[in-house]
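Heads up, the next two complexes both have subunit A, just with different partners, subunit B and then subunit C.
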Partner chain A sequence: MTQPPIVEARHVSRVFPMAAAPVTALSDVSIRIEAGEYVAVVGPSGCGKSTLLHILGCVDVPTSGDVLVQDRNVGSLSDAERSRLRLREIGFVFQRFFLLPMLTAWENVELPQAEAGVARLDRRRRTAELLEYVGLASRAAHRPSELSGGEMQRVAIARALANRPRLLLADEPTGELDQRTGGHIITLLDRLHEDGTAVVVVTHDVAVAACAHRLLTMRDGQIVEGSS
Partner chain B sequence: MRRTRIWALVAMALSAAVALTAASAAQPIEAGEAPGVLVSRQLMESRALGIGDLVRLSADPTGGRSRTFRILGAYEPTPDPMRFAQPALEARLHLPDLLALSGNPSDPSASDTVSSINVALVNPADADAFARDVSTRLPGTVARPTSAPDDRAGTFLVIERFHLAIASVTMLGSAVFLLALMMMLVDERSDVVGTLRLIGFTRRRILMQVLAEGTCIAAVGTAFGIGFALIMQGAFNRFFQWRYDTALVFLRITPGVVAQSILLALPLGIAASAIASWTLLRRHPLALVRR
Partner chain C sequence: MLRVLRLAWLTSVRQPGRTSIGVLGVVAVGALLFDMLLLSRGLVLSFRDLLDRAGFDVRVLATDAAPFTGPRIVEADAVAAAIAALPQVEAVVPVSIREADIVSETAASQPPGRVQFIAADPQARPMWTLVDGRDLSAGAGANPPLVVNRTVADRLSLSPGSTLTLRGACGPDGSVLPPVAFAIVGVAGFPFDDAAAQTVAGRLSDIGRLCEGGMELGVDMLLVRSNQREGAGRAAAAIQALLPPLHVVTNEELVERFSRVQFSYFRQISFVLATVTLFFGFLLITVLLTASVNQRLGEIAALRAVGLSRTRVVAGVLCESVMMVGAGAILAVPVGLVLSVWLDDILRALPGIPSDVHFFVFEGRTLVAYTWLLGAASVGAALYPMRIVATLPIAATLRREVVG
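Take a look at the complex of A and B:
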């Protein structure tokens, strides 16, 4: 590959220092995510999937090892610089959506753009386009409490895409949804990948895993299959 | 120097005032010769007196050795915070009249007992120099400007210290309450703060937002507090002026008091919001949304 990977983890470990005994969530994990890749991460509950995703998404930092986002070492960045990276370079979708309850769907999608300093007119165009993309143009004025789970997750995906990240990380995006609404989300991720965004999705859902081009299997804080 | 007209003040106790009776027609009085007297507004009202009325004054509660005076006018007594609870039933006489009324004929020297007089100066700023001058020329007299602290103010110093103590306890209590309230508010917003951090808002950015909000709330709160105090000041003064029938001002919100309130309230409010929001911001964003 001539292009640098979008994100790369080198010998990454994450230990949570707990009162009783430290918990090793990740131990010596190495992985590269190339531009435009579609990766699914599977494994039993508690094996470290979320922790890996948080570290790849600069939400968390490893106890040891290096994370490089577009060849920049995340470990040497300040908290504010990592925040900027999350805002502009990486989209994150959580199992529990984490939309802002007092904002409408439109405002939730517009917020990261405003924070990134996108001009008002561009913001408006982009927000309309994104809500259209996730099929919620008619629900723009609705607050999260007025939306179904599937709709909230679609708003969350639109928000994650707001600043045109080259990488989308999704942690069990269908975990709280029934099969049919989950299907919508899968279709959306598929389309997103086709449009050129690299997607890493953590899932228990075989249907989601089946769509991905690479499958990573984790166990006890390590990638046991699919790492390359 | 302008001739200073000295009125002697007779502070009549209620019993003395009872001895005062409006002259009846049965007692022929040489009206033309009756000396003039000024009567306090309160005494005018309570005895239904009028200007031009003839009254008998006596220094003796039984009414003995009374003399007749003509009421030339009413005056509003200078409010005295030491005596506001007593009705100001008073009259002002010319000094010779007062001496004639209160003196003991059998002991002329005993009549000469004026314990204090007030002197109004053309230029009040001369008060210090004048007082010093009087003290050196008349050894044994105590002369002091009315603006200087007098021993009677001791009571007020104690009250003031008491007020300061109450104010400090109140401020401390409300600051703790405010902080607890902000903690609760902020804690309720921990999901929001966590989500903003996950999206990519920096700590500094959120702190600034909270500080801006805190400043607005503190400013509105301060303005409300001052406005409330100003309104209450009028109501409070009017009630107690009515209650004690005095012109005394009980409560005064001075610019100094306003400035002090602003200087205390604004930084306290801002500090409370800063401390409260920092308790959230120092935590990991995932810990904020996970609860």
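Take a look at the complex of A and C:
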């Protein structure tokens, strides 16, 4: 018996109503992300990459079409259920990190676990393990303002992995970093994939895209190259 | 819940300037609100306290006119005896008030003044507080005894053992009799005196020495102390049934009447000022919280994307509001108390206000009302920023933050 895909989009369209005229960000896109896959989505600015990522990550809903996360139709879920799904099954990494500035690196990583109701002892163990994993064990007590851009992104990755998600979505994870620091993040994403997490990364960075096992090219809201 | 509170706390202290302005604003608003609440019932409470302090809980008057302004009760001895015989009544004291002019030689260098002469049974529990000397019941030898208030004592340099000569100012009620020399036996504080009041107290029978007719003209009021087991209400009902033409009023009813008529201005003023104050505080917190939330939209959208529920982020905003208002509200209480003492002194200096009356009186329910009102304001003030957070489109906000 075959395993269901981690996430699947079926004939998804997303239209943004605008004052001048509606803008179609996604047009009839279908895509399956299987467990352990490493997918890169590339394309020019405004082609719908981030919108696709947001829809796959259940932070946006399609205007038409269906999104299934482990065979559950996201459209039928309440906002609270979608939040729980994101908390436990999906990890998000943003271009601008979005760490909570008043929390330390440790606390930022611990936050989603606490939210998911993980016991304190398990949280401590997991947080220590994750900070070690991203190479920031020694910076655990530092606040984001005391970290470099690359370090902040590594903390953001650790936070995204906190509840052992099966899918990690990264939106331009190296967009705010220099080439060398971006290289560290690429290595980290590669390692994550090797450890079994499915990774979907939206990027303009050729180096990031080169590491992916599947490359999807988008244009005008559609996947124009690469198998969906 | 602790996590929500901690995050709200950390968010608040992260912007110390904004939070300090908010807390200081709530301190100012809270202190004014607290004072307005004290003022709304202060006079009523203080007036009730004055009435209760005299030790009588029912008053019998000839008509429903305010005490000492209407007709008198005639044949007071017989009426008092009939009331005293009721099982619901413990004691009855006839009281009359007249005016008298000072003619004492002691005051030769002073311009003549007028005093209010309170006449009461010397055996009865006094309606004044003795601060020097003895009371009327002790007697004074040849001259009738007199207790004077501090203003009279200071102005005329009187002390126990001095003599004060008075001539009745009887008005149309009776002819003036020759001046009477009274022996000062004590100095007392009278609860209804204002700062300039000149009040003296003598025996009920001495009214006849000041004005012709004396007791035959009747007494102004009968003070009644009800039997504790029966209570003021039953005593008043029994007196009313016994003597239907008289007007019988309990302290509670008197307070209620004053509260409804004479004191209602203060209640209305305090209501209007409290409402304006509260609205100002509400706006201040709404503006500060909205600004704070708008600054953190990207961060909030990211937290939602990471999996924090809508309820969770909304609760965070509410906690921030409650914390800001709570901190300000706690600090506002001592500020409000100090302010109320100052304002009370100003208002009590108004002419005609009894010295023992207070406009700002603390009671437990004021604190409860204050807590409820500010609690409601903190929730109300958080509604708009909570709505912003609750309806925040996660994807659009993240996109905007990146583009911005």
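Quick note on the criterion: the second predicted complex is superposed on the first by the 226 of 228 C-alpha atoms of A that agree within 3 Å, B and C clash if a C-alpha of one lies under 4 Å from a C-alpha of the other, contacts with A are read in each partner's own complex, and residues count from 1 in each chain.
Heads up, the rule we're going with is that a residue touches a chain if its C-beta (ideal position, glycine included) is under 8 Å from a C-beta of that chain, and two chains touch if they have at least 3 such contacts.
Remember, predicted model here, so these are calculated numbers, not experimental data.
*Asks:* After aligning the two structures on subunit A, examine subunit B and subunit C and state clash or fit.
*Replies:* Clash.
*Asks:* Count the residues of subunit A touched by subunit B and by subunit C, then name the partner with the higher count.
*Replies:* C
*Asks:* For A:114, using the defined touch cut-off, is the partner it touches subunit B, subunit C, both, or neither? Pick first, second, both or neither.
*Replies:* A:114 sits against subunit C, while subunit B stays out of touch.
*Asks:* Go through the superposed model and pick first if A:59 touches only subunit B, second if only subunit C, both, or neither.
*Replies:* both
*Asks:* Once chain A of both complexes is superposed, is A:172 in touch with subunit B (first), subunit C (second), both, or neither?
*Replies:* second
*Asks:* In the superposed arrangement, does A:86 touch subunit B (first), subunit C (second), both or neither?
*Replies:* The answer is both, since A:86 touches subunit B and subunit C.
*Asks:* With the two structures laid over each other on chain A, which partner does A:71 touch: subunit B (first), subunit C (second), both, or neither?
*Replies:* In the superposition, A:71 touches no partner, neither subunit B nor subunit C.
*Asks:* So, does A:95 touch the first partner subunit B, the second partner subunit C, both, or neither?
*Replies:* In the superposition, A:95 contacts subunit C only.
*Asks:* Should A:159 be classified as contacting the first partner (subunit B), the second (subunit C), both, or neither?
*Replies:* Touch status of A:159: both partners.
*Asks:* Which subunit A residues lie in the overlap of the subunit B contact set and the subunit C contact set?
*Replies:* 54, 59-60, 79-80, 83-88, 92, 94, 96, 98, 100-102, 111-112, 115-116, 159
*Asks:* State the interface residues of subunit B toward subunit A in the complex, per the touch definition above.
*Replies:* 191-192, 194-205, 284-286, 289
*Asks:* Would you pull the subunit C residues touching subunit A in the complex into a rising list?
*Replies:* Spelled out, the residues of subunit C in touch with subunit A are 3, 7, 10-11, 13-14, 298-299, 301-312, 393-396, 398-399, 401-402.
*Asks:* How about subunit A: which of its residues touch subunit C in the complex?
*Replies:* 50-51, 54-55, 57, 59-60, 79-80, 83-88, 90, 92, 94-96, 98, 100-103, 111-112, 114-116, 159-160, 163, 171-172, 175
*Asks:* Mind listing the subunit A positions that touch subunit B in their complex?
*Replies:* Its residues touching subunit B are 54, 59-60, 79-80, 83-88, 92, 94, 96, 98-102, 111-112, 115-116, 159.
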